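Next come the structures, one after another.
Each of the next two complexes has chain A plus one other chain: chain B in the first, chain C in the second.
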Partner chain A sequence: MAVARPAFIDEVRQSEQFNASACMNCGVCTAICPMGLEHLPREIFRYVVLGMEDEVLKEQETVFSCLLCKLCEENCPAGVHIAENVRSLRHYFDRKAFRI
Partner chain B sequence: MNRRKIGVYVCHCGGNISDYVDVEKVVDAVKGEEDVVVARTAMFTCSDATQQEIYDDIRELGLDGLVVASCSPKLHTFTFRGVAKRAGLNPFQYTQVNVREQCSWAHTDDRQGATEKAVRLVRAGIARTRLLRPLEPTVVETVPKTLVIGAGIAGLRAAIGLADIGLSVVVVEREAEVGGWVKDFGPMYPRDKEGHELVRQLEAKVRQRENIALFTSAEVVRKAGSFGDYVVDIKTHGKSAMTMQIHVGSIIVATGFDTYRPEEGEYGYGIDGVVTLPEYKKMLDAAEGPLAYHGRPVKDVAYIYCVGSRQGDAGPHQYCSRFCCSAAVHSALELYSRDPSARQFHLYRDMRTYGRYELMYRESREKGSTYLKFAEDEPPAVQKGADGRLVVTIRDQLTGQKEVRIPADLVVLVTGMVPRENDGLVGALKLPVGRDGFFNEIHPKLRPVETVVDGVTICGACQFPKNASESVASGLAAVTQSAAMLKQGRAELDPQVASVDPGLCTDCGVCYETCPYDAIRPKEEPEGRRVAVIDPATCKGCGGCAPVCPERAINLEGYTQAEIKAMIEGLAREVV
Partner chain C sequence: MPLPTGDTIGILADNLRLRRSVLPIPTESAIRWTRGLDLPRGGERVLYTGLMYQLIPYIEELVKAESRLAESWLSGFTGIGRQVNKLVNVSGFMAHPTREQLETYDRIPRNVALLLKRAGVAFGALYEDDLYSGALAYDLGADETLREHAQKVYATLKRHGVKEAVTIDPHTTNMLRSVYPTLIEDYDLEVRNYLEVLSGLDLAPSRQLEGDVAIHDSCVFARYEGVLHEPRQLLEGLGLTLREPLHAGTMTWCCGGPVESLFPEKAAEQAGRRVTELNAVAERGVTMCPLCYVNLQKAANGRMRFDDISDYLIRGYEP
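What follows is the complex of A and B.
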């Protein structure tokens, strides 16, 4: 059982640009990702908005594998700022996991 | 008896009928029936060409009776009545025989049997037609005044519409104030116009108009008379309690809806902090900044959708309430405007923010709302957590069915619309109530505000769940329908009604109870006798009273005792 922590999203959010909740989970980004990243961005965003911190922490590899090429962002029908959101996530890992 | 001249037309219906009924054989079998002067088949009887043929026969052969053996009378009664009328034959001297639904479609395994049955049915139709008398519709003068029952947003708007067309209006509202649900609302979707402000404007317009009389704390207790001239008793309560009688030509019912009240324990209802959508809307409208509930700040809000709607086989409310997805999403936006950092979770079955309301749904997601879908058979559970906060548990489909516990300061049950209790009014007006408890129209597409009671229309959320603009739109449709009827100044009523032979009636009283429209009343005769009398304007010609009368004193025009007997003889000739 995962316990949601609604306030978690505020710890990840780096800027007003962060809009993970606008994602409607269509899956276009996953299909199009040249790196074949399976959990990024949509599933990790879901963990963030639900405040499932443990699940997010497991995804360190994935978050840093993203090329920030924005291919997904170009094709996202919901206008999700995917690259910006990934940057927010990296900041979060910097602070939380690497303590920098 | 004078000889009659009857024409009989048996239809192929393309092949719909003739594939299984030998239509030529039917014509051969009936052309020798008494009084039949012409009998033919036609490929499509309803076609313009065959209508013309029937028209010519009526004129050239001087037909005084018409039998069409084709499809259901529901489909073409008015078509062939029209042919008769154009050709100078009284439209009530025509009989429709249904050999499609009742023969060819019902007996595809038995061509001979289907044909024999068709012969009997056509013979019965001829037998009836031999006895039919010409009838003229009853004409009533209409009173140019409409009664509007219920002064919610639909009823108020309808009253203004009627008044501006030049009709007099009487508005009867049960509560002390007008406006229904909307009068208590702050911002409403779409466009955030304040509900109480809308009602204030409508009420001012109603009060400005001299041809609108508004009665609050008032109710309709009785309705008599018929379309065009209904006699209605109105009772007012409170300080100026009185009863009055008014005459109106038509009636618009706009009595609205009630909100679903969850049972104790349903999604945690009863636990402190679990509220319904109307309760939540009230809190939101009253708040100026961030919300607080019982002195505690509200930061995390969880909404549970479809409470009391779409109940499947489990409950009486199987419909979708339509307004609630949009109203809940709109509430979420209202909360963001009070407190942009509020965190909102929406637990839904399907999002139905149809049409333009989709934009509110998108906006709510952009502002941070998170949506989680649950299945009907696995609803979320609401509990009080150890720390005193509420916890909602749901299985999240988008994270591989993980069970997620969402803490919340407030849980909003997005409750739907249910029919408002209105037994007294339903009884007084004989309103048709559907299986779901809302009032029923005649035809959802083509006659969407008329009821089976002539001159009585329905609009707003008493008909089925509607939002405010849909309620107003149907209110204006009811206005058009009422005005179209009353502006002609006269109305034609169907003459196929029942009547009592006073010589045979013994005042046994059985029929008084039978009539579903209250058309039968006792009347004193000069010689001190009392007999039953049927008001032709109220009678709907349902025929319910005729068979219950032990004296056979009641005859329904077009289906008299003699006509029915003749039909049975025509049907069963070789058998009895």
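What follows is the complex of A and C.
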């Protein structure tokens, strides 16, 4: 069973720009992503919001496969700062998983 | 098989911290483009390359070496690979570009310098102090390393009395104009891309060019920096017919370059998809970023030809 840790979102949050919780899960990003990233942004953002750290740690390859191209962000109806949120997730991986 | 993500990021971040570039290159290669241009050192306005074009031949060679490296002693002891790199510049042993590769990428900053001179813009250069912006470290989330590096770059610009940096590629433009102000207090550098500078001047072309060209907008220019009409205005001013692919302007598709350092195969697949879109509208393509140029050119594999926008501009605006 997944373990939820509410403080997790604060560890991922790098700046006030981080707004994963603004995502309303509409699926535009998934439909439009040229890389066909199915879990990013919306599913992984939801794991962050729910504090499901283990689920996020399983998604390392997806998090680093994003082009930060902002095509999804340009079309997101909720104004989610997708690229900045992904960068925050990378920073979290750098510290937590890679010890950089 | 790509190198492990953590070690790759570690090596790139260590290089930036210890050697002022994610991929250190010889000084000679960094400044060769300035030869014969007689540019003053420093001054209020400089042409700032951020080494982006000069780095590409070395990146190309490293990507080739990466598949070999994945089987080597270095990846067998991945953690050790990073430790070794702290002492000696590992990438320096692996990347040996040819003279032809070096000339291709020296030509582009030279084109830009000649275009600015032709337009009557006064500027200098920073030579060996023209430092990499840290764009890749930013993308990979190595924020502490980037913050430290950005301070070094800004201090160097200030030491040379620079008030305005004229940039060439989209990534350096974005870092200096939009990212650094979030990292450095009281940041007051003015930053313009050379396409913005040239399009703001009333330049009369010296000759007209003909034909259809597919325009590939860089995502960083189109969606981060709002550079969209300038390249179109300049190219159309030369008489070229611009063909817009299915994904263009603010809806442009990425070339795949941003994931090249970690997942070269994924980068190549995206570049291939993009080439197909561009090739559907023209036989020739124009790019504005060294990463787009190298990735699309490679993926095209002779299917279509790509040129940097400065190669067109120099033909049309040079006497």
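Points to keep in mind about this one:
Following the convention adopted for this analysis, the second predicted complex is superposed on the first by the 100 of 100 C-alpha atoms of A that agree within 3 Å, B and C clash if a C-alpha of one lies under 4 Å from a C-alpha of the other, contacts with A are read in each partner's own complex, and residues count from 1 in each chain.
Heads up, the rule we're going with is that contacts are C-beta pairs under 8 Å (C-beta built on N, C-alpha and C of every residue); 3 or more make two chains touch, one makes a residue touch a chain.
Everything numeric here is computed off the predicted structure, so don't read it as measured data.
Annotation for the three-chain superposition on chain A: chain B and chain C fit side by side.
Shared-chain residue A:Ser88: touches chain C; no touch with chain B.
Within the superposed three-chain model, A:Phe64 lies in touch with chain C and out of touch with chain B [touch as defined at top].
Look at A:Pro34: by the touch rule set out above, it reaches chain C but stays clear of chain B.
Using the contact criterion defined above for the overlaid structures, shared-chain residue A:Ala22 touches chain B, although it does not reach chain C.
Of the two partner chains placed around the shared chain by superposition, chain B is the only one that A:Ala2 touches, whereas chain C remains out of contact.
Touch criterion not met for A:Lys96: it reaches neither chain B nor chain C. Shortest separation of chain B and chain C in the overlay equals 21 Å (C-alpha atoms, whole Å).
On chain B, the positions that touch chain A within their shared complex are 299-300, 341, 343, 345, 362, 365-370, 372, 393, 396, 398-399, 402-407.
Against chain A, in their complex, chain C makes its touches with residues 5-7, 9-10, 13, 138-143, 145, 182, 219, 223-224, 247, 250-254, 256, 258-259, 262-263, 266, 270, 273. Here chain A touches chain B in the complex through residues 1-7, 9-10, 19, 21-25, 42-43, 46-47, 49-50, 52, 55, 78-79, going by the rule given at the top. The residues of chain A lying in touch with chain C in their complex are 14-15, 34-35, 60-61, 64-71, 73-74, 87-94, 97-100.
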